[in-house]
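Look for subunit A in each of the two complexes below; its partner is subunit B in the first and subunit C in the second.
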Partner chain A sequence: MTEQEIVEKINSALAEEFELDLADMTPEAGIYEDLGLDSLDTVDMVIVLEGEFGFKIREEEEIRKIRTLGDIHNFVMAKKKALGA
Partner chain B sequence: MYRVAITGIGIVSCLGCDLSQVSDNLRNGRSGIVVDEQRQELGFRSPLAGAIQGFNSPAGLSRKQKKTMPEFAVHAYAAVEQALSLSGLALEEIQNPQSGLIFGCDSSCIAAIEQVDLLRGHGETRAIGSGQVFRSMTSTVTMNLNTLFQTQGACWTLSSACSSGGHAVGQAADLIMLGRQERVICGGAQELNWESMCSFDGLGAFSTRIDEPQKACRPFDADRDGLVPSGGAAALMLERYDLAVKRGATILGEVAGYGFSSDGNHLSVPSGEGLSRAMASALQQAEVSTEEIDYLCAHATSTPAGDKAEAEAIRSVFGTRTPPVSSLKSMTGHELWMSGASQVVYSTLMARDGFTAPNANFQAPDEASAHLQILTEARSQGPRRVLCNSAGFGGTNSCLVLRFDS
Partner chain C sequence: MTYDFVVIGGGVSGLSAAAILAKAGRRVVVVEESETPGPVMRGFQFSGSYFETGFHYAGALAPGEPLHRFFAYHGLWDELTPLSLNPAGFDQVRCREDGRRFDFPVGYCRLQEALSEAFPQESSGISAYLRAVRDAAAQMPFLNLEAQTDAGTLLGLTQGKTLQEVLDGFLTDRRLKALLGVHSLLYGNPPEKVAFGFHAGVIDGYYRSAHTLAEGGRGVVDALVRRLKEQGGEIRCGQGARKLILGGDGEVKGVALEDGARLDCQGCILTLHPRLLPRLVPDGVFRPVYKRRLQGLRETLSGFLLFGCSAGPLTTLQGRNLILLDSYSGSGDASLECRPLFVAGSPAESKREGHGLVAILPAKIEETAAWAESTPRGGRPAGYTTFKSEMQQRLLSRIERECPELVGKIGKCSGATPLTVRDFSNNPWGGLYGAGHEVGQFNPQPRTRIPNLFMSGQAVAAPGLLGAVLASFMTCGEILGHEQLRMELKRCS
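Moving on to the complex of A and B:
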């Protein structure tokens, strides 16, 4: 899977879960202030990402540092790389 | 004490999803009861249930908002939207500390089951997701509606079994009478899923007249054999009467009296005496005599013991000359937590549209109901002064006097 495909997969899964407009989903978009998510949504975001990519990320400290959509893209790519997938 | 006006009503029930459809079905004595085949397969004693048909999820609710709402909370949202629209109040006019929300509800069974299934299936609580905790609380209706309509006053759900909805309307009226709220959106909501009804089915209290689903529920009839579970949501906009007049609102009716009582007796067998006290208390508060009541909207659910106790209680309050009586559960089934509030909505609809709905399926009285003047056909005039009875397990009773003549 290319980086572009990973980004598209993340964006389309989050767009569906949170009823977001794909046009707003730029890497620099803040997940709270720009995309309108709240702390409850991050619980479901983790479930969605795990479902899409088949890995477990729930207890990872790095998740707490996520602020932008780009942070999510980078986090998922790093995770996939670490798993050798 | 302030007077309390009804300025809006809304309903989602097995009789329809908008006021005109529900009114038409009530007037014509049509039933919303069906056979649910899934219950048959699962081992229910009775597969009869009320079914809501043609309900469209409100366009105003997002996926995120619905995550925290079980189906009956969505029904409640739709009912409140109808009531608000009819009241003519703008959203901004209820977004203040003088506007409250009180609903009757006594379970959110389906959410509790779903969250446990998710945990067992995934082996970790984090797989349950963010919505279930809010869906699983009994206060889920008022919790969600408060964030959606953004009222800032009273906000709680009241639980008293099958009189929950009646007490919710009564308490909402009390808060307005006492000057503590200017308006309260109130009502009742009841889940329809089989999961929430299996243990009740096991008590053997449901009708098994499977070959005639629409004739199964026959309150006060000598041949009755049990209740039929049903549900949905009913909502009312109650307002301080003087303020409703001042803003030029169309006043649909008045909540003139609220009486409550408890039996202090048996868990599942009503004493009748407790209900009599609640009726007398509601009449006294409303300063309406028994002779002035021209319609009694009975609680009667179609169980042998419950209907008998109510028939005797009515006689003890009204004597041998009772007002016309009907139990709308003959068409709706027993809307449980919602029923006390839906009776107020149905009665208000009758007054507005000029008819009184019949006690469908009534063929012959038993010894207790022989003393009641049961409406076997719709009357072509609306009620003017109504007494609504509601009673629940544990012996908790709610009675409301409504006036449509002022």
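Moving on to the complex of A and C:
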């Protein structure tokens, strides 16, 4: 899966599950300020990513640091790389 | 008039949450669908005896322990009398496979000694395992008042190892592992599914102390109701909540009841099964992923229950419970006679009431699927009645086979099935403990996307009396401030 495909997969999944507008989903978009998620949505974000990519996310510290959509893209790509997939 | 909080659900969590808020000066009302508050916890009368349905024994009830502290906070100890179960063996496991018996003693030291005596080769593993249990339990906020409030709330608890994985890591003898996993009966989820940290939080209290209450579960409900009313709180029974009324700002403004009445409020606590929440809220309020998470919550096991009257006290069940195993490798999917069976005596030595026993066998609601459409109000079909009395007979025969000393001692019997559990606890999915706490499953937290709507109940924290009360403190901590509640709790003893 190319990086572009990963980004698209993340964006479309989050758009559907959180009812977001794909047009707003730039890497710079702040997930809290711009996309309107709140800290309560973190768990559901983890669930969506786990479901899409089939891995378990236990990196609590890294998840807490996520601020932008780009941070999510980078987190998933790093995770996939680490898993050798 | 506008209430500060409407609490939906008058079980232990709802009553406790309402009493906490009332004590803090909030104007609260509890809405309970059934005719009396605490219908599950309250137990019932049958043929002159009192039988427990929601409470059989509790850990953490000794002075200084969490549940004792919670009760002290509510001022319940004027009305409740703790009865210590036998310290040398509060739970006796009898296994048919090898005919052995094991008594769980009170206290980590004595438990370690007893386990090491029964399994000498595993002594060091036992010690390490029990230390792991104690350490994990110490991280639970509100159970340990010094623990971080947000510890283990996000990923740690639900993504860690299962109880079975931890048992396998420390121990080898399958009989020993089965013994240490047997208390998964207390929350209705097998060791392969439950998170170790969660198990530790539940079992730690029992390893420290085991009690019943002379007044039984009904005593807890009555005392909580009295405290709530003394502090100006109200209870409305006989009408469930039909809808939450939201304002333009997305906050709860009121609760519509089934009879059309409306209670205006500044906030709401919901203690129902979380899968019921989306039904009460207009579409589009919760994100699809959250709704699916709630609706996908997996259910704990249901059960077949037997309530048997006896002419006199049953010595075998005085000060202890029995857990009957067919083998050390039995599972919930096995045939009825092969599943673990929990047996407890009547709660109190009441002079006015008869004696008896309660037996609980894990079951799935699918086992009563043939009669799923029926309700107690509409009448159950004859086939169901026959099935139910056969179940009672099988449970009684098994108890008499495993406990010869009880033969002929049990007279009139009553029973319950997963359908009874479903219909009397307002849980359409019928689990004895509602939604379970499993590895990989994210249970709802007290806060929701609606800023002034909070959740509580055993799905939020943990099952049982301790879990239900604990949930109410976790939820009210979100409303009143965790630090303030913790300070007040520390002053209670």
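Everything below uses one rule, namely that the second predicted complex is superposed on the first by the 82 of 85 C-alpha atoms of A that agree within 3 Å, B and C clash if a C-alpha of one lies under 4 Å from a C-alpha of the other, contacts with A are read in each partner's own complex, and residues count from 1 in each chain.
Here is the rule we go by: a residue touches a chain if its C-beta (ideal position, glycine included) is under 8 Å from a C-beta of that chain, and two chains touch if they have at least 3 such contacts.
Being a predicted model, the structure only gives us computed values, none of them experimental.
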Subunit C versus subunit B on the shared subunit A, clash or fit after superposition: clash
Subunit B versus subunit C as contact partner of A:58, first or second or both or neither: both
First (subunit B), second (subunit C), both or neither touched by A:19: both
Partner chain(s) touched by A:41 [first = subunit B, second = subunit C, both, neither]: both
First, second, both or neither for A:1, with subunit B first and subunit C second: neither
Subunit B or subunit C, by number of subunit A residues touched: C
When the two complexes are fitted on chain A, the stretch of subunit B hitting subunit C, from 132-140, 258-266 or 312-320: 132-140
Where subunit A meets both subunit C and subunit B, residue numbers: 17-19, 40-41, 43-44, 46-47, 58
Residues of subunit A that touch subunit B when the two form their complex: 17-19, 40-41, 43-44, 46-47, 58
Interface residues, subunit A side, partner subunit C - complex: 16-19, 38, 40-44, 46-48, 56-58, 60, 63
Subunit B residues within the subunit A interface of the complex: 62-64, 67, 124, 126-127, 129-131
Sites on subunit C touched by subunit A in the complex: 154-156, 159, 287-290, 293, 440, 442, 445, 447-449
